[in-house]
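For reference, the structure discussed in these notes is given below.
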Amino acid sequence: MIRARYLPFVATVLIFVVAYALCALQFPNMLSFRVLGNLLTDNAFLGIAAVGMTFVILSGGIDLSMGSVIAFTSVFVAVLVRAGVHPALAFALALAVSTSFGALMGLTIHALKMPAFVVTLAGMFLARGAAFLISTDSVPISHDFLKQLKGIYIQLPDKGKLSFLAILMLLAFAVGVILAHRTRFGANVYALGGSEQSAELMGVPLRKTMIQLYAFSGFMAGLAGLAYTLYTSAGYSLATVGVELDAIAAVVVGGTLLTGGSGLVLGTLFGVLIQGLIQTYIVFDGTLSSWWTKIVIGMLLFAFIVLQRLILLVSERRAAIRASSGG
Amino acid sequence: MTKLKQLRPQLLALAVVLVLIGLISPGFFSVTVQNGRLYGSLIDVGVRVAPVALLAIGMTLVIATKGIDLSVGAVMAITGAVAATLVADGHSVPVVLAVSLALGLVCGIWNGVLVAFLDIQPIIATLILMVAGRGIAQLITGGVILTFNDPAFSFIGSGAVLGIPMPILIWLAMGLAVGLLVRRSALGLLIEAVGINRRASMLVGVRARFLILATYAISGLCAAMAGMIVTADIHGADANNAGLWLELDAILAVVIGGTSLAGGRFSITASLIGALIIQALNTGILMSGWPPEFNLIVKAVVIVAILTLQSPAVADELSVLRGMLRRKGAKS
Amino acid sequence: MTHDALLSAQGIDKSFFGVKVLDGVDFSLRGGEIHALLGENGAGKSTLVKILTGAYRRDAGAMWLDGQEVEPRSVAEAQALGIGTVYQEVNLLDNLTVAENLYLGRQPRRMGMIDRRRMRGDAATLLARYGVGADPDETLAHYPVAVRQIIAIARAVDLSGKVLFLDEPTASLDAREVQALFTVLRQLRAQGLGIVIITHFLDQVYQIADRVTVLRNGRMVGSRAIAELPRRDLVAMMLGRELAEATAHRGSGATQPDTPAAFLFEGYGKRGSIAPFDLDIRPGEVVGIAGLLGSGRTETARLMFGIDRPDSGQAAVDGQPVTLHSPQDAIGHGFGMCPEERKTDGIVGDLSVRQNIVLALQASRGWARPIPRREADALAERYIKALDIRPPDPNRPIKFLSGGNQQKAILARWLATDPRLLILDEPTRGIDIGAHAEIINLIEKLREDGMALVVISSEIEELVAFSTRVIVLSDRHHVRELRGAEITAEAIVEAMAVPGDAA
Amino acid sequence: ADLTVGFSQIGSESGWRAAETTVTQQQAKERGIDLKFADAQQKQENQIKAVRGFIAQGVDAILIAPVVATGWDEVLGEAKEAEIPVILLDRQIDAPDDLYLTAVTSDQVFEGKVAGEWLVKDVGDKACKVVELQGTTGSSPAINRKKGFEEAIAGKSNITIARSQTGDFTRTKGKEVMESFIKAENGGKDICAVYAHNDDMAVGAIQAIKEAGLKPGTDIKVVSIDAVPDIFLAMQAGEANATVELTPNMAGPAFDVLEKFKADGTLPPKWIQTESKLFTQADDPKGVYESKKDLGY
């Protein structure tokens, strides 16, 4: 029997599989390794950001600065590379900056006892503003090192590719899963999400965990920024506006509770894939106007959420009945 | 309503922001009468704050129940689009008002049902309408800016009564009305109770679901008003941009006003002051003449500064400090 | 003061909002002793514990561990020093599994990774010591307070190398579990641990403690060996006055009134929760409900109050069939209920004491008819006085009150609605002996005034004292009903042991 | 012909954009082209996803209205590999030009220049303080139209840009920013002209000028870019002075070259520049309005 806390995850996976099957029935082309590969590559940066977001949400917090940090990182790297810095060094610097920025937000949240929503909202303005200051223009980059990176991929059948970005995202999820479920840091994050006060009284080092947590989320945002830079070979200060909302939606669709303390990192992967699937479906359909696109995305999101709740409700009922007839 | 003393940090922050702007652009405080209405940057702040102020009123109640309403910007776009369509079709102002407000109410109730009855988490529940709502608004306008020429409706946005611009009157009136509604009835207390401890509240017979639904409904209503003001202001409905990202400003206003995002105690007055602080900042930046690349940085820095000074941690330290000073003063 | 004790503290001061809660308190604990910390509700016991264990900062004073001056700034630091604590409100995490709760922050690791298998195994072994068969992999939310309490104790005991603080650990345990706990404590004492226990049960103090320290109004009254302190003197130390022992075993003089049953439940039950039962309650009687932990007492109350929906049976009030599908329904028929889990189901923490007291009344009047401020003030004043809620400040947020005083405020909340049927789930849990007597007197008085009461309690003596009838539950069945002279502690205990299906 | 063409549109952020979409759909319908439309909601990543989706579906050609100039090499490479011709609409990109068939665009710098030159001619030698309403910070039209305008007034010391702020391409912000400009510049008396990066902001600015008790078009000249129908109403009323047209019909020329290319492999030039025509009050604003008002602006 499936434990109650895994139910949201199972529901998400189930919904994804069924939805994919339905799409494939309508557009047989969608059932190809090419589309599957695209699904992973195209959503790689979102997925990486969503790993960080999952941790933050598990702790009961939120990180609204992600979209801006991604844009900032991409501009930062692009400008450095344009100035002649080796990309590897630029990447390392960018990750150092985004990680420290996250750590600083974590420290602020803890030390000033301010809600994460507000601190990271300010962080969102700040990072975007900083990106503008570096360059308002979009800055293209090209460097052999980047080409080499992009040259890494695993060939799938029928012209499908598991690209470097896709591999990077899957790695990020693997790290996320291990961190969440097999380390003390992960356990502390779940504890914070249960109740900050109780966690403190049980000896969880609040300050340290908070700083580590937002540093991790900053790191993931930075890594997502690098993925985005690779993806577009450019840095652009107006890029990825509102990506944090996509990431939050992916986390929640993946079965994590926004109130914190409950959810699985792997669920987020399926949350991301479900969003990608919705978009792919809309492209394949190709008849929706701009507004119908928005409306349909909203409706599908609604359908997924309601379906998820229904599956949960039904299985909880079942469990209750089974328990009573068993006992 | 709320005691002045409790509003001290917000009023102080507003004063500091205003003084800073005054230093940068000296003409900021001059208010004159022109064409029979008040005129000046300060008045602009009062007018331009109207949408965020209205949103903040509803948002305060929603946040007090531990919720959040991300859809208000999209609801503004929807009601604006509908209002513009109706006005362009020649309907009378009362009809336009009634239909638009009803629509806002319906949007709010939709959110409320998702949150209160389907138990969907507020951010996600309202994200649905945030995404789809703008699409609906564009569907109504066909993606274009629907313009109209109807002085009666435009009056809402740019008219004045006794020299005071309408938007100012509207947000003040709405703030007063909702403030009185929640504080003169028991709604305020019950909303706070639900926000602090929903389970305990339900156990004493508080109808938590109904209350939550009501707060989202009020939020929808406020968004409808904001949408109409914006539409009347530019004599047209811009479904693409009306209210875009305004939900974040409204949330920020509520937080600057000291209402906790964890729900519970709230003050509408304080949220309105929070909205004024944000708008004063926006207007101040425009007056400053700095290049627009700096806008976000300036805004972020000032907001962080304000919130830092207001934060419970710093407030504690300050009160300890104040106590020490007082003790020292008493000794010497 | 000698610092050769295991743990000692001197001149501890603490104020909240300018009100002194601890005033120059000295405290010392020896290795290998069980030390009871006693005092009335709000005396400052929990605050002292929180200061000594790093959860609060003290305003003044110093503390020594093993003769070394120490300064734990967080619970984590205190734990590192070998100090384990169970705080008064069971502070565990509902969203984590039992094993994760037990080993949070000290999980067994292999190659840097948490060794989940070993953690699970260790957890099972640990819990077996306390006779709890909880599944280590199940989330804690599945278990009632009592089980959580034991898990919290097990955790604290396991991580305390030198000192163990237990703040009212036995409040929600039944006799059997209390004995299991005491056995463990004696073993730990033998190993040289210093143990501080806070409790309002004086019987338990005499059973287990070696020494007592008494606090009153934030000051230390004295510290004595238990052997040389008669019960009467101890009570006087705590209260600052003599107490006529109100809770003596006397049996309720009152018998079942022969008024017709006003509240009737027939075949009322819910699958998986409580087997169908019949219950009739008359105005002017107290129906006591007894049973072991998990026997279904709380479930009975939840069902009667409309929190859970029944799937069989019907209810009637004054002979008219009624549906009780929500607390509002029940309240509409004149019911009231004080829940057992005060922190999550009872108090509305950020609201003031006054607002907490008027909340139920306000809810039943509806939002459109606010209770005028004057009326609210009057109500608050009346009940603060009647129940001796301390501090008597109606404007203080209730979360800043001590546990016992919160309990009184919640009781006041229902009394303010003037209910016809009042259901009390563990009303005396965490209440000091002075207040305990007051609450029992109150229950008697309410009964005499014609109120119908259903009282759930784990304290059998107390049930004997005020009940006109006692229903005994076992395994989610109502197994026995005792009336009049049948109500004795022995009879109740005997009936509790009967397996449920025997009914 | 039975061509299937994928069209990746940026979004629907303005009336002009909506018109472009409408015109493209009309053009496709007239030519019997099956148009697959994908709206990117202002996000480049969505555009890339859409292009990949088109490739996976095996369309015959792809139109892209790129949201930003950079970042197209890889996905266009994939299109090339799949032998699907790509045509860019309304914006150039930073990529080797063998990756696309052609680009049908205006010259944004030139647009700004046309607006600037009009102003230079109109004010002659009089001193003129201009205020500028920029587009969204960081967007390429904002950057280029600013640049072109500055080039045009570069040699003229009598024309200065006194203030420049972003109005986010919207009416509301255009109005708000103009209000503050007026207050900051002596009640508007010091301002001689307003240059707006698009007509929507200009319309907002006109309202602000009117509400400040000044006459737009006379007291403060108004010049802007796009030529959407509403600006012609303002021109007719004498409230706007000049606008530079950005035609929404980019798809027409694109389909022309595509059909030729498909028929006999004719390679078009790499850049098909659309006209940036200047309209002033003398150009029969009413007539232009009538001709434009049903184009889906």
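By letter and in written order, the chains are A, B, C and D; residue numbering begins at 1 in each of them.
As a working rule, a contact is a pair of C-beta atoms (placed from the backbone, for glycine too) under 8 Å apart; a residue touches a chain by one contact, two chains touch by 3 or more.
Since this is a predicted model, take the numbers as computed values, not measurements.
Ranked by how far their CA centres sit from the centre of chain C, the chains are topped by D.
For this pair, chain B with chain C, the centres built from the Cα atoms lie 44 Å apart. With each centre defined as the average position of its C-alpha atoms, the distance from chain B to chain D rounds to 33 Å. Per-chain CA centroids place chain A at a distance of 30 Å from chain B. Between chain A and chain D, the centres computed from C-alpha atoms are 34 Å apart. Annotation for chain B: residues 138, 143, 293, 295 touch two or more other chains. The set of chain A residues touching two or more other chains comprises 132, 136, 289-291, 293-294. Contacts with at least two other chains are made by residues 12, 18, 21, 137 of chain D.
Under the contact rule defined at the top, the touching pairs of chains are A-B, A-C, A-D, B-C, B-D. Chain B makes touch with chain A in their complex at residues 70, 118-121, 123-125, 127-129, 131-139, 143, 248, 251-252, 255, 260-262, 293-301, 303-304, 307-308, 311-314.
On the side of chain C, the complex with chain A involves touching residues 55, 74-76, 78-79, 85, 87, 91-96, 100-101, 104-105, 107, 109, 112-114, 116, 137-139, 155, 271-273.
Across the complex, chain B meets chain C through its residues 184-187, 189-190, 192-193, 196-197, 199-207, 211, 264-265.
Interface residues of chain A, counted against chain B in their complex, comprise 108, 111-115, 117-119, 121-123, 125-126, 128-130, 132-133, 136, 245, 248-249, 252-253, 257-259, 289-299, 301-302, 305-306, 309. Looking at the complex, you find that chain D touches chain A at residues 6, 9, 11-12, 18, 21, 35-39, 41-46, 48-50, 52-54, 56-58, 68-71, 73-74, 94, 136-140, 143.
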